[in-house]
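Next up, some structures in structure tokens.
The two complexes that follow have chain A in common; it is paired with chain B in the first and with chain C in the second.
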Partner chain A sequence: MRLFRLTLATIFQRKAWVICVLAVVVLPFALPLLSSATEKPLLVQPARILASWDTLWICAVIWGLFTAAREGEANAQSGRGEYFLTTGISATRQLFEIWLAVFCFLAVLTSLTALICQFAAAPADPVERTMWWVLNTQYVVLFLLVISPLLALATALASRFGGITGFAVTLGITLYGLYGVGYLDNLLKLEHHPMLHSLWLFSPQYRFADLTQRLYFKSGALPASAFWTMTLYFVGILAVYTGLSRLCFRTKLSS
Partner chain B sequence: MKSPQTNPLLPSIHLDAGLEIGYGSPLARFGQAVILGGGTHFLLARNGRGKTTLLRTLARTLKPVAGHFGMEGFTQYLPEDLRFDAEITPAMVFRMLLPKARLQDALDLAGRIELDVKKPYGRLSTGNRRKTNLLVAELSVKPDSGNILLLDEPFSGLDAFARQVFEEIWHASSTNVLRLVSCHPDYDSMEMPSALMIEDHNARYLNGHAQTWSQLKTLLN
Partner chain C sequence: MSRLSSIALSTGLIGAGGLAWAVAGRPLIANSELNAPLNPLGLKRSPYGEVLAMALQGPIDTIFDAGISSGSASPAAQPAATPPATRPTLNARFSTLLISLDHASAARTNPKAGSEALKRHLRRQVEDKLRFAYQLDPSHYGNYNSLHFFLTEPEIGTRPELTASAAQLAEDTIRYCFTQDQDPRPALTAAAAATNILEWMFNDQHNNPRKYNNAQIRQYLNLLDLCLARYDHIAGQWDHSKQWDLLSPQRIAECEERHQFITKIRDAMEKTLLRIEPHPPAPQAAL
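After this line comes the complex of A and B, so read on.
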């Protein structure tokens, strides 16, 4: 795991992760103080939920994807990928080790968010409280299932087409999956269009993994069947993106 | 042709006659088979004649145009332009990449060749970056098996003292490490008892105990 350790140390040394940790830890407590929640104490906890998960999404989508893309590009352009390849670390293994290093940082950020949500924004009602940790865990699982393959895709695209492409494409896919698909859905409800319908069918429905509103309105945990269906759906996307990432990933510049 | 290695644990490179290297079209061709064993072998050619291409072919990151070759040993190819992240220090690179048992050796050696291991890689001079890369490769050598180090211009930017230190290391580990070193020597008396030379699209092997750069450079076109 030499490349994993090197990538982990590189990201650690750049220190941009500190901003993300501070944002994830501080903003859920600071932002509600700036909102109307100060006048209505009942709104503090919902505001904290919004602030914590939205901050995590922003950190993951901006810092996470950017870091993954940067590492993929650097590995191919710096000669490191070629060096590791000759020592027996295959391209698949290199992609995995770079992905794992970035994932470790995001896993910590996700855990911090879930802990804040669990212990600093849990409802007072005992029944709602029992469902809280289940919903939080479900959210963590779905969030990581969505972001993990995107990290791999950002790394792989950046190794072949450059860091800007790797970052911009995955950022676009994420925003489209979170918001664009919803607009498309509304459009299709108003007017049926076979082309748009096909596009919608093959679009990643990341909005289903965003359980912030469910936490906000205390709607309770997802039913087990719905959760497993969504898990399977995102595992399917993960499999497709993993295959695409491996096809795109390269360890050195073209000859 | 050099005498072949008989012990399978010792490193070796077998270049078959007819091996052609290049990017699509051949840059150089081996007219005769060459077998290299443990020790240091220099790779000499003028710019653009195929030194890096041969090293990358042997490292299996580039396919030969034609022909075959074989390698025995744990291989490392150190590209000339290898670099680490600008923010990371050589000490961190060593900690992350080297076996724990070799870390202190790396730090001691770095001290000996005056490499500041606490300075960020991006602020190191070209020579000091080269020292970092070479230390990684040299201390990643596996002591209990054969090793092949393919070094692309490791001396460029390196000061004479550091170069001498590395040459001493090379001499001491010549039994289980085969080094193929591409370089442009800068002094005539440099001894090169074993050299692969590429000139006029032909690659050939030259050896001799008294062979020096001053004799070999006259053969380069």
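After this line comes the complex of A and C, so read on.
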């Protein structure tokens, strides 16, 4: 696991993670002070929920994907990948170790967010409270399932096509899955179109993993069967992305 | 270049630039003619805005549903994907799965209903969204009517006493729609706005000191006729230039249905006006 430790140490040394940790910890408490929650204390907790999960999404999608892409590019460009290849670490193993290093940071950020949401924004009602930690756990699982394969894809694409491509493509896929698919769905509801319908059908529907609204509206935990179906769905996407990333990943720049 | 002159050059650049910036900036800010309305990327009232405004109707439903029907949706009712008689294709099954997930992700499992304050807050959000959709495309029939309905319906709106601003909204819509002379559909929106104003005037009949007399009602009825005539005129032009063929069948059907609806309302309104107008005795005798 030398590449893992090296990548972990590199990201740690660059210190950009400090900004993310500060944002994830401080913004949920600072942003409600700027919102209308100062006039209506009832809205402090919804405002905190929005601030904490939205900050996490922004950090993961911008910093997480960017870091993953940069590490992938650096691994191929600096000759590091080639060196590790000669020491017997296969390309897939390298991809896994780089991914794991970035994932460790994101897992910590996600746990921090979930903890803030659990202990600083929980509803007072006992019935709602019992559902709260279930919903939080569901959100953590779905969020990590969505973001993990994207990190691997960013690394793999960046190793072959450069950091900007790796970052921009995965950022585009995430935004499309979170919001674009929903707008496409609305357009299809107005008017049926067979080609757009199949595009919609085989798009990654990340919007299911965004449970912020459920927390915000206190809608309660996801029904168990739906949660397991979603898990299966995202595991399927994870497998597809892992396959694509394996095919795409390179340990050295193509000449 | 020595270090001192390099610093001097940079300082000179910063100083001269700052001076030009400050001197030129003041008159620019003060000039009200240059004061462009807030319109990011020029989306509002643009062709893209029209499509976005239609797509926005979905998120409005989401928030509206979360606010109004809280607690009513039981989780047991959700996974009821009806099994079709024939063996469904893979695509159809996948589509059903995605739709059921969509329902499940919006289902409310919390046994407690949302608080009043939360509902009010959500309604406020709906209003903001509706207004944004309206700003994106004021000539869109659905956008205008949903916003009008929201503003005037005390059961769902946040501020029931808003009749004056609803009238203002109708006036603005009519004015904007009359600038659109390439498309017949804005004329229908203008006609809908005119019927809304007329409805408001007819409701005023029951007030003791009436705010509007029959002549004013007749004036708006004429405006409504003008809108419908304008629709017929541009629609005729479209018939001629085959532009209707560019629209999908759903859009055309929607357009015809709205036209019929407004024509019916118009006829009913004219009859009401004839009944309350004191002068012409002939129609009353016929009745």
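Throughout what follows, the second predicted complex is superposed on the first by the 254 of 255 C-alpha atoms of A that agree within 3 Å, B and C clash if a C-alpha of one lies under 4 Å from a C-alpha of the other, contacts with A are read in each partner's own complex, and residues count from 1 in each chain.
As a convention for this text, contacts are C-beta pairs under 8 Å (C-beta built on N, C-alpha and C of every residue); 3 or more make two chains touch, one makes a residue touch a chain.
Predicted model, so just to flag it, every value in this text is computed and none were measured.
Engineer: Following the superposition defined at the top, how do chain B and chain C come out on chain A, clash or fit?
Structural biologist: By the criteria stated at the top, chain C and chain B fit after superposition, with no clash.
Engineer: Go through the superposed model and pick first if A:Gln13 touches only chain B, second if only chain C, both, or neither.
Structural biologist: A:Gln13 sits against chain B, while chain C stays out of touch.
Engineer: Once the shared chain is lined up, is A:Lys252 touching chain B (first), chain C (second), both, or neither of them?
Structural biologist: first
Engineer: Looking at A:Gln205 after the superposition, I want to know if it touches chain B, chain C, both of them or none. Which is it: first, second, both, neither?
Structural biologist: Only chain C is touched by A:Gln205; chain B is not.
Engineer: First (chain B), second (chain C), both or neither: which does A:Gln213 touch?
Structural biologist: In the superposed model, A:Gln213 contacts chain C only, not chain B.
Engineer: Applying the document's definition of touching, compare chain B and chain C: which contacts more of chain A?
Structural biologist: Partner with more touched residues of chain A: C.
Engineer: Which partner chains sit in contact with A:Thr86 here, chain B, chain C, both or neither? Use first/second/both/neither.
Structural biologist: First partner only, chain B.
Engineer: Could you read off the angle at the CA centre of chain A, spanning the centres of chain B and chain C, to the nearest 10°?
Structural biologist: Value: 140 degrees, nearest 10.
Engineer: Between chain B and chain C, what is the tightest CA to CA spacing in Å in the combined model?
Structural biologist: Nearest C-alpha atoms of the two chains are 24 Å apart.
Engineer: Of all the chain A residues, which ones make contact with chain B and with chain C?
Structural biologist: The overlap between the chain B and chain C interfaces on chain A is empty, containing no residue.
Engineer: Hey, which residues of chain B end up touching chain A in the complex?
Structural biologist: Those residues of chain B that touch chain A are 23, 56, 59-62, 74-85, 87-89, 92-93, 95-97, 140, 150.
Engineer: In their shared complex, at which residues does chain A touch chain C?
Structural biologist: 40, 42-43, 46, 125, 127-128, 131, 182-183, 185-187, 189-191, 197-198, 201, 205, 207-208, 211, 213-214, 217-223, 225-226, 229-230, 233
Engineer: Using the touch definition up top, name the residues of chain C that touch chain A in the complex.
Structural biologist: 51, 54-59, 62, 66, 70, 75, 78-79, 91, 94-95, 97-98, 100-102, 104-112, 114-115, 117-118, 121-122, 248, 250-251
Engineer: Using the touch definition from the top, list the residues of chain A that touch chain B in their complex.
Structural biologist: Listed in rising order, the residues of chain A that touch chain B are 2, 5-6, 8-10, 13-14, 74, 78-80, 82-83, 85-88, 251-252, 255.
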